[in-house]
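Note that the chains take the letters A, B, C, D, E and F in the order they are written out, and that residue 1 is the start of every chain.
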């Protein structure tokens, strides 16, 4: 199969956001997402994951450029100010470009 | 140490595949792999991770180009059609290229 | 927001290292890190994650080039010889470059 | 039923919470832990009783039960394939689910009987083990034919060494080796806590079942009809078998329940690897979304009613 | 106190281990599991008792308790906003935490009373449920005003279908449906193990509380003062209410404890999504780092002392 | 042994399932939870008994036990380094494992004795704590010499604040503070469930031990010989010490078992950070793959036999 380049958007955020964030991501056109449990430290201190209020999630979304831009823009507008989170983007090769 | 470029192959797949997939990955020449528990959503619906049949795994393999190609080809042939899964590839720098 | 390129340093290491490693990473200038639980296989055999001595952690650090180099150098010097671990580096785009 | 069985109400709570999209969920490791305790408890109890039985005397029953497990998928398959127009692999997979058993349903039925002080043949867990396997073999053969290059070896491994069989058989053997008295020191965990553990397990099962209900819409009324009808066919077979072996009232209820129940652990796991072209959403929707709730809420009392009439001389 | 309550000592052990930076921690899924058992147990016990009550007779008390939950944030808000100079959103959030309740604190208080053989109105868990909600509504209104485009619907969902409410209410309903006797088969898990489960839960609470102490330094003495003072105000209200309704000694202690306690599950979860500009570090530091330990270690015995004097005719 | 101890059979089940490559495994958080309950239970029970002892009278025994813990690695090291030709660090690490103790083995031994109604000095858990530490210090000194820039401070932190010591010591203190009667409300969890929890714990230990057996092939027969021989040396020391202090039959068995057992939690964790050049595969293979199963299956009954003969006047 021919490979094609897509965006991998990775969001690490406080677990409380999960429901809202994933709804938004889908609404913005992503065809899927993957979530893993995480903990960490950042500007808002240690988030040790020992209970809900201190847990993070790590969300990955493989999508096309346009969807990536929409997600990034939305997260920036809506969540950056008030929530513990980071977001980063990279390029990945995929085999079934129509899937993402 | 000098850095060298290797492939990072990331596979997100239903947990039932774990045993078979990892055996194959090793047989195809990978020197190692890393697994984390995951959940998510894709073309086959929500996989919430609440029990085995709905859990995903996220497998990472750092390897040379040839091994990456072998893995990608094999996964495509063998698993794409019938299993919930995605695969993507990117370039990463490593320090001990002989290790991968 | 303008995007800027930063380094994503990923370290997969035996869980026993967590405390020491994260202390070092912070001391070397990282502004944050994210940890997920992992298992895997490599040159030191299977690490199945069934109990502490056989568990891995997967640490991600988004940082500038200088910090990445410091972390890489330190890990190489201090941990490579005696610990089960791998490290790889890639470029990622971030939105709030001052954060990393 | 003079009073409601609290254990069932936990299932109802789970379904309700799931349907209302509550964020409630049992952590996956805890769910797995509770399942393990249930499987071991069932095995241990059955094994302790086995010690008191003459094993050869059980052989005919074991053979008959195994045959029943092999026959049920053969009955179900044409219905699914021809009437339901499901693809060969899907029909075979669903058929296998219904030939096999649900340990959770069995546990609820034993709790149901204990709650009503109705005794039963204590070696019934042996039949749970026996029933797990033949349906898988028949199902795979239905999907692929016998002359295939199926990976039978991997299948044997998957089925015989799957979590549930190992725990059931391990429990049986340990119970058999130490006897009822020998089990006493571990009885607090495996017997006294049994119903509490079952309650929490059913809470999560309710949440899972509610999750399956969503996919019912996609798969149409045929699956619902099959998921309600097939248990009745199974129950009839089970009642017949129990009558043939002159089992007690409780044993008859359990036999009907076993036959009426559909697997959602061992069979899906095996089919995923051996017949991966079968769509697991179909079989799990039927098994977990329709048959499990039906058996728990209505089936078991109904089989009880039937068994009582049967005993009463019809 | 003739003898020490072991349950409290587990909390102390957790705090000590946390302060000495031990690596001890309860795995997150286990902590969640223990919380679920506690919530269900409290609900079940209260529900079983409800069956024996005339519900209409309880309505005035329920209304009064709900009013108390709405009034407490109104008392706390000006103190936090004006005296403490906290931002509007932060003041509102903290106020809501203190108007609501801590189920963990309630559990410790019931253990405290049982340990001393002091009876109490067994329907108290109903008040736990009732108190969870009004403070959140008042707090959100304080933060945003009422005429806002607040997502009330999402809030209702978050609050009413949050894990703790579902388990408490679910437990109440199941307990009410089957009655005390019906609960017996699951009593080993939910009642006999209650104190052991509470002990392990408090061990982790101690570790979490110790973690919060670090952030106390940043947030200055005002939060500490508020975290110690507000429970006393709440306790006074609770004592008054209990006196008005002529509750028993134990019920009076529980009412004071409920009013004195501050939420750390339902309220933070709701505010995170509805009023995200409120800094959760502030409210959790006060609630978990100051008020929870204070109530557990000193508050409950003190409220007991006060209630005894009140009963003794002052 | 009139009857088989079910607890041991769970270990056998785990080993068998592991060797047959079953997918069975206890989720990691559950394994951790069960370990925590065991450690706390052992501590609590010992602590409750401590209250009845005159502590000064125990001091000589404590000192002797600590000395034994320091001497055992000194005996083992030359064998490992010279006879076994292991690298200095590896020899030191293994030596330290065998000087320290396995809490799991101790728990099985207490279950073994209780199962046979054999009493023992109830303060034995104190010795478990005492034995954990000296061997680590001696082992590190053997690996590095004393005049080193070893990070003693980090080591002290790792060792003294490691999970197992904190739970054991915490349990001891709580038990000592509240006494046997005070522990009663939490006794269901920590005492009644003890054997069931131990059974599940041993199931997972069996799976882990089976996993270690694979690496036995790589490390040759020397490790096996050492893993079988060193416990006997330890047991002899333990028996001698118990005789010197005129301990009861049960106490003698426990003392022999403690000395014969090898650490697999505290020591590996400490060495990983302090002497990381030691290969953990070597020490864990010996400790978990050889010595733990040996002690569980054959050692404890054998030490019982020896202790009985010793008591009987030899």
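Note that in this section a residue touches a chain if its C-beta (ideal position, glycine included) is under 8 Å from a C-beta of that chain, and two chains touch if they have at least 3 such contacts.
Worth saying up front: this structure is predicted, and the values here are computed from it rather than measured.
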Co-neighbours of chain C and chain B - touch as defined: A
Chain whose mean Cα position lies farthest from chain D: C
Longest centre-to-centre distance from chain B, chain (CA-based): E
Gap in Å, rounded to a whole number, between the CA centres of chain F and chain C: 34
Chain centre separation in whole Å, for chain F relative to chain E (CA means): 41
Centroid distance [mean C-alpha coordinates] between chain B and chain A, Å: 19
Residues of chain D engaged with two or more neighbouring chains: 23, 26-30, 32, 188, 193
Residue list for chain A, restricted to those that touch at least two other chains: 36-37, 90
Chain-to-chain touches, reported pairwise for every pair that qualifies: A-B, A-C, A-E, B-C, B-D, C-F, D-E, D-F, E-F
Parts of chain E lying in touch with chain D, wherever the complex brings them together: 27-30, 32-33, 36-37, 157, 161-163, 166-167, 170, 173-174, 177-179, 181-183, 185-190, 193
Sites on chain C touched by chain F in the complex: 14, 16-17, 20, 44-46, 48-53, 55, 81-83
Touching residues (chain side chain D, partner chain E) in the complex: 3-7, 9-10, 13, 16-17, 20-24, 26-30, 111, 114-115, 188, 192-193, 195-197, 199-200
Residues of chain C defined as touching chain A within the complex: 1, 3, 6, 8, 22, 26, 31-37, 60, 62, 90-96, 99-100
For the chain F and chain C complex, residues of the former touching the latter: 25-26, 28, 31-32, 204, 207-208, 211, 215, 264-265, 268-269, 272-273, 276-277, 280-281, 284
